[in-house]
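What follows is a pair of complexes built around chain A, which joins chain B in one and chain C in the other.
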Partner chain A sequence: MDNLVLTADDINTKQPSIINIYLMESKSELLRLFRTPGFYLPTLLFPMMFYLFFGVIFSMNPATMPTYLLATYSAFGVIGPALFSFGVGIAVERGQGWFDIKEASPMPASAYIISRISVTIVFSLVVIALLFALGAIFGGVRLYTTQWLLLAGVLIIGSLPFCAIGLALGLYCKSNSAPAVVNLIYLPMGFLSGLWMPINFFPQLMQDAANLLPAYHFAQLSLKVIDMDVGANIWIHLAVMLAYFAVFMTLAAKAYYKKDKQ
Partner chain B sequence: MGIPTCNTIAAIENVAKTYGDFVALDNINLNLNLNRGEILSILGPNGAGKTTLINLMLGRLSFANGSINVFGLKPGSLALKRLCGAMLQVADLPETLTVKEHIHLFQSYYGAPMSYQKVIEYAGLSEIESKLTKGLSGGQKQRVLFALAICGNPKLLFLDEPTVGMDVEARHALWKAIQDLKAQGTSIILTTHYLEEADFLSDRIVMLNQGRIIQEGSPEQIKAQVNTQKIRFTAEVDIAVLATLNSVKRATQDKHFFELQSSNASATLQHLFNKTKTVEQLTVTSAGLEEAFLQLNREQNNSVQQ
Partner chain C sequence: MKAKIFIIFILLFVFFWWLPEPEEQVDNKKSDVFQTLNASFIISNANIYDGFEMHKSSSILVENNRVIKIAPSIDNPSDYPVYNAAGKALVPGLIDAHTHVWGGALSQALNFGVTTELDMFTSPESAKPHLISRTRIDNTQQADLFSATILATAPGGHGTEYGMEIPVLSSVDQVADFVNNRVNDGADYIKAVYNAKQAKRQHFPSISLEILEALAKESSRQNKMLVVHVDNLISAKHAIAAGASGIIHSFMDTVADDELIELMKQAEAFIIPTFAVQASISGHSRGKDLAEVSAMKAFMSPMQTQQLNVNFANFGIPQSAFRNSQRTVLKLHKAGIVVLAGSDAPNPGTTHGVSLHDELAWLVESGLTPEQALHAATGAVSRVFPVGSRGTLQPGALASMVLIGGDPLSNIADSLNIEAIWKNGVYHQRKVYDLDQRFEPPLAAGEISRFEESDELTSVGAGISESTDQLAGGKSAVTKQLAMRDGQNRYLKVTGQVNKGFSYPWSGITFVPGKSFSEGANLSELAYLVFDAKGEAHAQPLSVLLFQTGSFTPAVHQLKISREWKTYKIPLAEFEEIDIRQVVNISIVATTPFGDFEFGLDNLKFEK
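Now for the complex of A and B:
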């Protein structure tokens, strides 16, 4: 190895700014999102349409239902972009071979993840703002300002485990199967976690089983903000979501740093 | 080897790579001794291990034994990636960014990137810099990938089949850019299917076949390995007769033309004229890289079969 000499000329003494990389990468991701209405329109409209149908128009108990379902459909609405932009986005880039170019480039792995999380957060904020507006205007939802803000905060932070799940799916699934796999997780999990209709409408067995699902705990945390949850300990919800986050981040890291990818 | 050791920037020692039962690289001992500002071409038929070799040096593949050092750094490390640029074979790139946005993003990965204007000039992108990559042709996309590979002022540039899908004009422009980069001290490792390209650009060629290095040297040295000449003509004669002529190694026919590989052209020609008086449109050329390539691969395959 001693014959491999680096001269001063070879060492780029100037290091790139990591913050600048994060900003540039996030900006690129955001531009790509803005220019892909085929992705953002359905992802925005789907939860809005559902909320309008089930939370406002066909609401069975008009006094509290629009408020309750606003929390759960908002959770549903932010899980979507987290799962899809990570899961499908990354699987497609891998299929194209574009991921290889990124991997061979000196882009730090953290930039890839942080940029997508930033974009997911921006997207989630838009979903939340639109749903809140629907709820306040058409559903007659009235909350304290602190509750609106706290609910938005819980929804944003709570989307992180789903980013991790999406990331792992994106790194393990093939590009042509990723959309189907993500939908197969997103829609049944949403329903079984009580995001579409209140969990206490379910048979007891299903209510118990819902404890295994991260989206259930996410919904319960959101409902806690407006005092409509089933009353379980907040730490249980946080612990389950943290566990999901840790497990799927580990799986994702394993896939990312694995060599010999096909 | 007569190469000053301080010029060695990459070394591959006893590296083997298998995919299941398939041996992609068989104990490659390529003390690459890649010189600064040298263009090294890796040639070989499909499945010879060219792309595998590049991916190993980029740290994208694991290997069982041996060692790989580039600039004394570990393949795949961020420190090494910042000294390198890589143009890999890609099916498509994200469609909804412009050429300019792609380049600015990749420039941000490096501490001292090449100036934007220079990147655009080298890659010949000035007319399409504000276009989305969605509408670009295959050749234009290749040029964007080239721009992304060079935008960090790399000391070592990997080009995996860089001119696939390019028209002749674009290909020659890229060759010019590659030579300019070389003149500034960039070392380049190139794989290609176009032997003309390797012949024109390379200082050194490594020929791979079935995971082994079968030949290494300058284009001239490799061509000299094959001391045959190519005789091409039309004639009213049976190809079976031609194969029996003096010094003929191989006789082939395409449409109206016969083509003979001969180790002694004058002996073959005398014999040919004895056999037939109908020879027309005769040309005799010395073997190019293509003949050398074909012949060396044929010899290798034969020896493997035995």
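Now for the complex of A and C:
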């Protein structure tokens, strides 16, 4: 972690460009996260452990299951940092008053959001790399390089609506209730969206209900890359995820300005 | 900072570059799709001809190997594999109503979508196993056989010229026994060869009209149909009047007259014109052309190509005479007489499977519509011969069928454009022969071993060794040694035991004709494997097995050897299931019965 320590070079920049501000803010956010094993251990280990258990060791069909579940557990894996870094992170910082200090600092507000997005992306990349390596080594997953890349791309961009959800939650929830609320959303949503086991194992009613969940559409988009989705139109998935993104960004903005007025 | 980000990108790049890709697969996706269509499946959007009528753009449901229904659309609650055959035609497995079956005929036929063959003369020994296997649903590797077994002919008559000793009829008293014996052989119908005394051409002796009439009567008493080989109008009239159910071969001496039509109408008789063989007799060389059609070449064994390229000995029949035959068939067809498609394969210029497609083409060229021609090879046969629902796709029929790219009902030549074949509901992967393969130079005729000096070394090939089913986990045993045949000459004495253990037990000797055990020898320019043999037991069964490079399924010739030394000449043409150009080993073994055996071999050689 040494290389993440701020150096004099970083600080003594005379005319801070906006990019530098983003970079430095992201860097410090990352540093903070890497010093919080309570955050990064579960977010990294949960999806890996689940994938190893259900996708590789107790796989019902060694030919297809590891590949299928690699896509869904990767989705599960990137939703985690998005929800927690935003939801829990912001709520806790609000509770500690750190959020207010940052608001008062000359740093632009966008840096706050951007840094958290960067952290989520970096974390997502780590989760994706670990899961892909597990799948390739233990699950015998074989995809074309274009598919590996596209899958990673879909997973990272697809995590944005969950950042929005996290942001809104972080702004609405109290710091002590935020972890519980985020977990209450994260785990059931993951399960009901078919991230833990293929959606077609569910009764039809549950399969239909899953259409309401953003994680379901996220998983279907990922599965489309490897030709294992249920076959619905790609635009439906994109539209639902975009809608979730818009709605929760609006909610977050409302909460933010409401708080401002107070 | 920027350098670090750069390094991270490089690492990511390396990581994604490292992630494994699928192994490149050989592109046989097409047949992979068909592989899944077994026993229970649906073919949708096909133009389905069920043997009687056309169902445009319909689906067929096959369940447990049988046709359940044909409908414009079919629900799939059991989630069977579905193949979308839009723009393709599905027809019943074809029936060749006139062939002669031995060796690999039935698998050659299936390779071209002919799923049933009506044999019109073969030995009961050749027919018997197939008459039993046709009753089995798992008889999916070859066509079903129906047979007349031995034909009824006069002493020296047509049918006796092939060197096979057959019972012949010279008086009416013999008829009841003859028919009875055929019924015991398992014959499905009785076939007779007849030529009227009044006919101009008298190239073979023939049974008398009285014997023919007695045959008809006796067959009918035994509930068998009588079909009669004729080659002229007057004989055809006699045959129908005598009570035959149908005539085989159209005739070339003249065109059918109204009298014959009237007779056939009243008797509801049918005709199997066998244009394919008639065209060959009259000097058409369509066989040779067929052998060159690229769509078929790869699916024909070298033997089949050879059969297509052979000419008949000159019969002196002009091509114009063939026109008479065509006119006769059109005339009969227009009068409502049933016409059935039969090729008479493998007579010179014809071969199993391929020539039935040629017969369909001839029927169309003679004036039938493509649909009527297809009917003649499917539904029409099922109504005339006791073949059950073969040749149809009616509910309950075993799903033997052919998927054809194109529309054979408007262009009969499309019938050869076979995309998939099912036999009894099981997808049949067509056998493909490698045309570009290089073979060893053909072996010349000559001695293999006289067994004077060595029981191992041979003049050609890599020698002789002992061979038993112990190779396959069996328990048979064998020893070979040289022994004195008479005062001066020696022979190879083979003694051993055939024991229970492997499903196909064997024990004997094996000869490697190539330079080594992996190089197949090219026997294509040889005609016979010849050896002297004697058995310890009377009529001791012996099998000659030929293995092709890379295959564990031999082509088999069985013989019975006597106690005295005798020379046996095994025609290599008998081994047509394998490619004679790459024979990796020739085994001479005992397979039955269980227990001790001893046999002697001498003067093993190849002859032209």
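Keep this in mind: the second predicted complex is superposed on the first by the 242 of 262 C-alpha atoms of A that agree within 3 Å, B and C clash if a C-alpha of one lies under 4 Å from a C-alpha of the other, contacts with A are read in each partner's own complex, and residues count from 1 in each chain.
Everything that follows uses one rule, which is that a residue touches a chain if its C-beta (ideal position, glycine included) is under 8 Å from a C-beta of that chain, and two chains touch if they have at least 3 such contacts.
Since the model is a prediction, treat every value here as computed from it, not as a measurement.
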Which partner, chain B or chain C, touches more chain A residues: B
Contacts of A:96 with chain B and chain C, given as first, second, both or neither: first
Chain B versus chain C as contact partner of A:205, first or second or both or neither: neither
Touching partner for A:19 - first (chain B), second (chain C), both, neither: neither
Partner chain in contact with A:108 - chain B first, chain C second, else both or neither: first
Which of chain B and chain C A:63 touches, first, second, both or neither: neither
First, second, both or neither for A:144, with chain B first and chain C second: second
Touching partner for A:125 - first (chain B), second (chain C), both, neither: second
Chain A residues contacted in one complex by chain B, in the other by chain C: 3, 10
Complex interface listing, chain B residues touching chain A: 5-6, 8-11, 58-62, 69-72, 76, 78, 81-84, 86, 88-94, 96-97, 101, 104-106, 108-112, 132, 145, 148, 152, 155, 158
Residues of chain A defined as touching chain C within the complex: 3, 10, 23, 27, 125, 129, 132-133, 136, 141-145, 148-149, 152
Chain A-facing residues of chain C, complex: 1, 4, 12, 15-17, 19-23
Chain A residues within the chain B interface of the complex: 1, 3-7, 10, 12-17, 20-21, 24-25, 28, 31-32, 35-36, 93, 95-98, 100-101, 103-108, 259-261
